[in-house]
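Chain IDs A, B, C, D and E follow the sequence of writing; residue 1 opens each chain.
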Amino acid sequence: MAGLELLSDQGYRLDGRKPSELRKVQARMGVFTQADGSAYIEQGNTKALAVVYGPHEVRGSRSKALHDRAVINCQYSMATFSTAERKRRPHGDRKSSEMSLHLKQTFEAAVLTSLYPRSQIDIFVKILQSDGGNYSACVNAATLAVIDAGIPMRDYVCACSAGFVENTAVVDLCHAEESGGGTVMSLALLPRGGQVALVQMDARLHQDHLDALMEAAMTACRSLGQVLDGVVRQHLQEVSVLTAE
Amino acid sequence: MPVDTKRVRGPEESQSPLLFLPSIAKKSVAAERGRQDGRRRGQADVRPVFARCGLVSQAKGSAYIEAGNTKLICSVFGPREAERKDEAGASSGRLLCDLRFAPFSCPNRGAWIPSSEDKDTAQGLLEALRPGVRLHRYPRAQIEVNVLVLENDGSALAHAITCASMALADAGIEMYDVVLGCSLRLDGNSFLLDPTLQEETAGEPGAQGSVTVALLPSLNQVSGLQADGDMREDTLAEAVRACMEGCHKLYPVIQRALLRAVHKRASPSES
Amino acid sequence: MAAVQVCEAEKVYIMHGVRDDLRVDGRGCEDYRHMEIETDVVSNTDGSARVKLGYTDVLVGIKAEIGKPKPAAPDEGYLEFFVDCSANATPEFEGRGGEELGSELSCTLYKVFNNVNSLELRALCIAPREHCWVLYVDVLLLQCDGNLFDAISIAIKAALFNTRIPKVTITEGEEGGAELELSDDPYDCVRLNVENVPCIVTLCKIGHRHVVDATLQEKACSVAGLLVSVTHKGTITCVRKVGGGSLEPESIFEMTETGKRVGKALHAPLMKLLRDEEAQGKQRQKVGFLG
Amino acid sequence: MSPRKLCVPGEKLCSTEDCIPGTGTYLRHGYIFAALAGYVFRKNEGEELPVISVVKETEAQLLPDVGAIVTCKVTSINPRFAKVHILYVGSTPLKDRFRGTIRKEDVRATEKDKVEIYKSFRPGDIVLAKVISLGDVQSNYLLTTAENELGVVVAHSEAGVQMIPISWCEMQCPRTHGKEFRKVARVQPEFLQA
Amino acid sequence: MAAGLMRLPVFRKQETVSESNEKHLVVPGDVITSDTGFMRGHGTYMDEEKLTASVAGEVERVNKLICVRPLKTRFYGEVGDVVVGRITEVQQKRWKVETNSRLDSVLLLSSVNLPGGELRRRCAEDELAMRDYLQEGDLINAEVQSVFSDGALSLHTRSLKYGKLGQGVLVQVSPSLVKRQKTHFHNLPCGASIILGNNGYIWLYPTPGQQDEEAGGFHTSMEPVSLPDREVISRLRNCILALATHKVMLYDTSVLYCYESSRPHEIKDLLKPEVMEEVVMITRQRLVEQAG
């Protein structure tokens, strides 16, 4: 992209980060009382809320229920004011349906659904402010919300985006970097076992670079995993101190 | 011939010539002491009403009402099996209201597809009618009310309420009472009851207000109330009372129209 | 609406409580629940506010865009409302489930706020017939626990207070047409006068009395209510009967009186809070959702 | 008979001390009010207070209610129940379609556990039934035919000819003389009009 | 009135994490043990021979069984649990009951005492009249009779202490905050009664004077509850919510202590966060004193 230099000669990015550096992450579990689980996450300027309802009886048509596992139902939506240009609809467009589907696939890989036959788990995520990496912020927020709801998971699911700029792999892209025209990959990882829950890549990339990009994204996911782990443990400590008699 | 029958061919954007009229005409009402059609301000002076039941033979019940130049027609269908059963509607019926302004009903041409404002008016109509209908007598069923405003010369919602309740009665739907509607325009310090469209839109916006009341006359219950504009609490109370008085003026006319409709049909066999 | 089920005996209990002026949570009939207000919570907006009222939680974001004045009011800007009943609030709102309620709410908000009595719409005009500011007021429901209207109206007032619109200058273009130039200095901005912006008070008729700030359970006991929007001077700008029942004329007068009194009293503490928050300026730590 | 009096909904007719509320009326604060626009009737039944009712010229459309005898047409069957469309309530035709269900256990009064739906009804049959419940959120009106007078009244054989009942559980085709099983109703004369 | 009720949000107080926290806390994916001698319970799974946690919570060991108890979860019912639930649906021969479990619970027509005595045959009329006994929205308290293979609970009300609930207030908290006790029915000395459902649904009601046993528990009194009783119930309600917000285990003593320490405040002031915090702190101290 002309005019905008995504990587300076010194190897720094627009916001002064190093290529492999993540944005600041802040998160909180248990934001709402009415839902079974909820969480809020800020990754730089991207802010996402996730709410989990369930597991509960399958709503709507009963035929949706599966006899051997739970149905995971996701909805991704963006607040109309979340982007620089106002969005006309919060959800229902092609992009958010696709995102909902990706989230569903991601969490079907991580949640132990077979423990809950005939039930349904709702995961609703909302982007309050969008500055790149919406998918990753949603996955990370949803992971925290699922843990908050006490729903069994194999492991955390951590997601991060990575891109390729001037032969360097950069991670956790912000909006300006995402729209820079390069390749962007989103990766969701179960860090402990190193299983990949979802990879998505839209643009062209030379096969030789794929490994490097994957590696960068996986490393970023792992470090995000540590951040999330810290958040969960902190939350756990706080609450368990209180319940102690 | 238009190729695409779903669309009206015309320029993307066009404006009504009325916008380009000099604005003096708009403000004339406020200056006058009386009203253009000779009615008095601050009095329960409603326009003469013409009402008839049973014009639409296909519908279960129907009514037509004319108040001055405001003309509406309403037809009622049902009770029929409810389409949606999700809500706690199993024990009582559902009332559905649809209100449309014909595109030629207002000085500015409208669209056939109801705007969100029309839907809001329909919602107001529904809330005003619902307390009058004995819906629990129609479990698992729905009753549809369709109102079409043929000519809008002010107080459309108020007359739509009256017209719809006549059509419901004509359809033999059990009701607690007929529902009568009346509107009022606050113009400075005085009232204009049952305003015309010109009276509704005229004047400085700051000093204006409008009130619509729906009344169940024999039970003396207000089933609908909408008020807009900057007013004091006692002004509002006064306005509501004036509207109720207007409704009572309307009552005998509606009563007669309903009785006439009953009378016109063959009397029932004595069983 | 996020409906709750309440059985007959619970209803009787709630109704008798209202009669005795002791509601289930200990409040009297004219008491509001605890309210938390914070402005400037999302940065992609020109103004925003979040209000928590009991468990009811709403977020309002305002974006100013340049549009064309409506032909009927060529020298005024206008407001557009959108209420997003998101699935966050209740799973019933998933997909298109919240649309009906959303459009109903936004219609009423439009009636209440988009008029000259509430906001100086003329101040939003840039060039008559050509350009004006359109304020997109987007309401996001995060949690519903009754009394949405009151919470939303307070959030809208707070967000309007927080709104800063960039200054625009009109210059003569090269080909004669007017050109708009937006000031790029973030401090060079216009603020709105929110003094006259009303607050909504929803009154629910329960038994022979009425209550303000009804919870979902209380709302389930009420067949009819009155929505009253009140300015800081105590004038009433909008009244709507809500719900499926009817009201006696006398109780309408009583309810508007209560509504006026309670609504008038909302403004002063709200404005004080907003000014206090602003006075703290940058030192104030933003709480947002991390609190 | 009192002279013909007309009324509109909401009109106060009399106090409950004078009359018993009948159809087309409702009670409020000890008074009887009209719920319909129509003629007011007072009917004396024995020693009791007269019954006051409001009647519209065309019989007010009543919905199928618990206990009502309805005429319906079978639309589909499965091993557990038969689905029907309700056509008449009593002798009043319904303008709109209402759906009902006859469950297996409600087909007949005896030997309930041996009932087989396909030996009782076939799609297209005209059946007399009684409403036992308005059903719940998912199901429709629940109907029963567990009385001698209830069951299939009109059925067509595979040859397309209307069959003749030969016993309480069989019908015969006059053309092919083939027999088919049905839950046959003992039709009472008052229903023999179609 | 609204004055004094509006405020800016503040950060929660960070609880100081005590060093001597001997609890074994795990998060999903944590390996609890690689010793194969243990049995896996709720909240764990086997990952390559290693017993791994699947939820975030505290590890509990009972002999050879290892479970992880999450902080917050839906209700996992066990036989004998007392629950409070709401009827959501009336079906043939059974009611569906919402009990905060992952599937709706079931109350069979054969598991209730119908009016007119213990030993009565259920007939077809009873089936059609089911809505007269219990209809959608009604609250009941019941006991878990059995657990179906898919995890749904089957309830029964075959005892005089169970049945339809009358006038009172329902408070919903997380099931993990309700302490398991010998009895979950308490007539509190402050003048009201409480049913602490294991499923986190807590029912507060005026202490009944004379039990009417003939009605089989389907008749509910619609007589107004006296104002003093109401005050007690409202105060208890707010106390329970305060305890739940601050994650204090709920049982008769903690509720009662909280009630007593809330006495200096007006009932409605208990909705304010700082009053809640203060009251809960005093309660906690008293609980510690009592235990120590």
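As a working rule, contacts are C-beta pairs under 8 Å (C-beta built on N, C-alpha and C of every residue); 3 or more make two chains touch, one makes a residue touch a chain.
Heads up on the chains, UniProt names are A = Exosome complex component RRP41; B = Exosome complex component MTR3; C = Exosome component 7; D = Exosome complex component CSL4; E = Exosome complex component RRP4.
Every value quoted in this text rests on a predicted model; they were computed, and no experiment measured them.
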Labels of chains that are neighbours to chain A and to chain B: C
Chain nearest the overall C-alpha centroid of the shown protein atoms: C
Interface with more contacting C-beta pairs, comparing B-C to C-E: C-E
Interchain centroid distance [CA atoms averaged], chain A/chain E, Å: 34
Centre distance in Å when chain B and chain D are each reduced to the mean of their C-alpha atoms: 38
Length of the line joining the C-alpha centres of chain C (Exosome component 7) and chain D, rounded to whole Å: 52
Numbers and ranges of chain D residues touching at least 2 other chains: 136-137
Per-residue multi-chain contacts in chain C (Exosome component 7), two or more chains: 290-291
Chain E residues counted as touching two or more neighbouring chains: 136
In the complex with chain C (Exosome component 7), residue positions of chain E that touch it: 1-12, 86, 88, 136-139, 165-170, 220, 222, 224-225, 227, 230-231, 233-235, 237-238, 266-268, 270-273
Parts of chain E lying in touch with chain A, wherever the complex brings them together: 14-15, 17-18, 21, 23, 25, 27-29, 43, 45, 47, 54-58, 70-74, 102-104, 150-152, 176-177, 246-249, 287, 291
Touching residues on chain B, where the partner in the complex is chain D: 60, 78-81, 85-86, 90, 132, 134, 138-141, 169-170, 172, 174-178, 216-219, 254-255, 258-259, 261-263, 265-268, 270
Footprint of chain C (Exosome component 7) on chain A - complex, ascending: 26-28, 31-35, 40, 42, 45, 47, 49, 51, 53, 59, 73, 75, 77, 79-84, 86, 90, 92, 122, 124, 126, 128-130
Chain A partner contacts - residues on chain C (Exosome component 7) that touch it in the complex: 42-45, 48, 55, 57, 59, 61-63, 65, 82, 84, 86-88, 90-91, 94-96, 136, 138, 140, 142-143, 145, 288-291
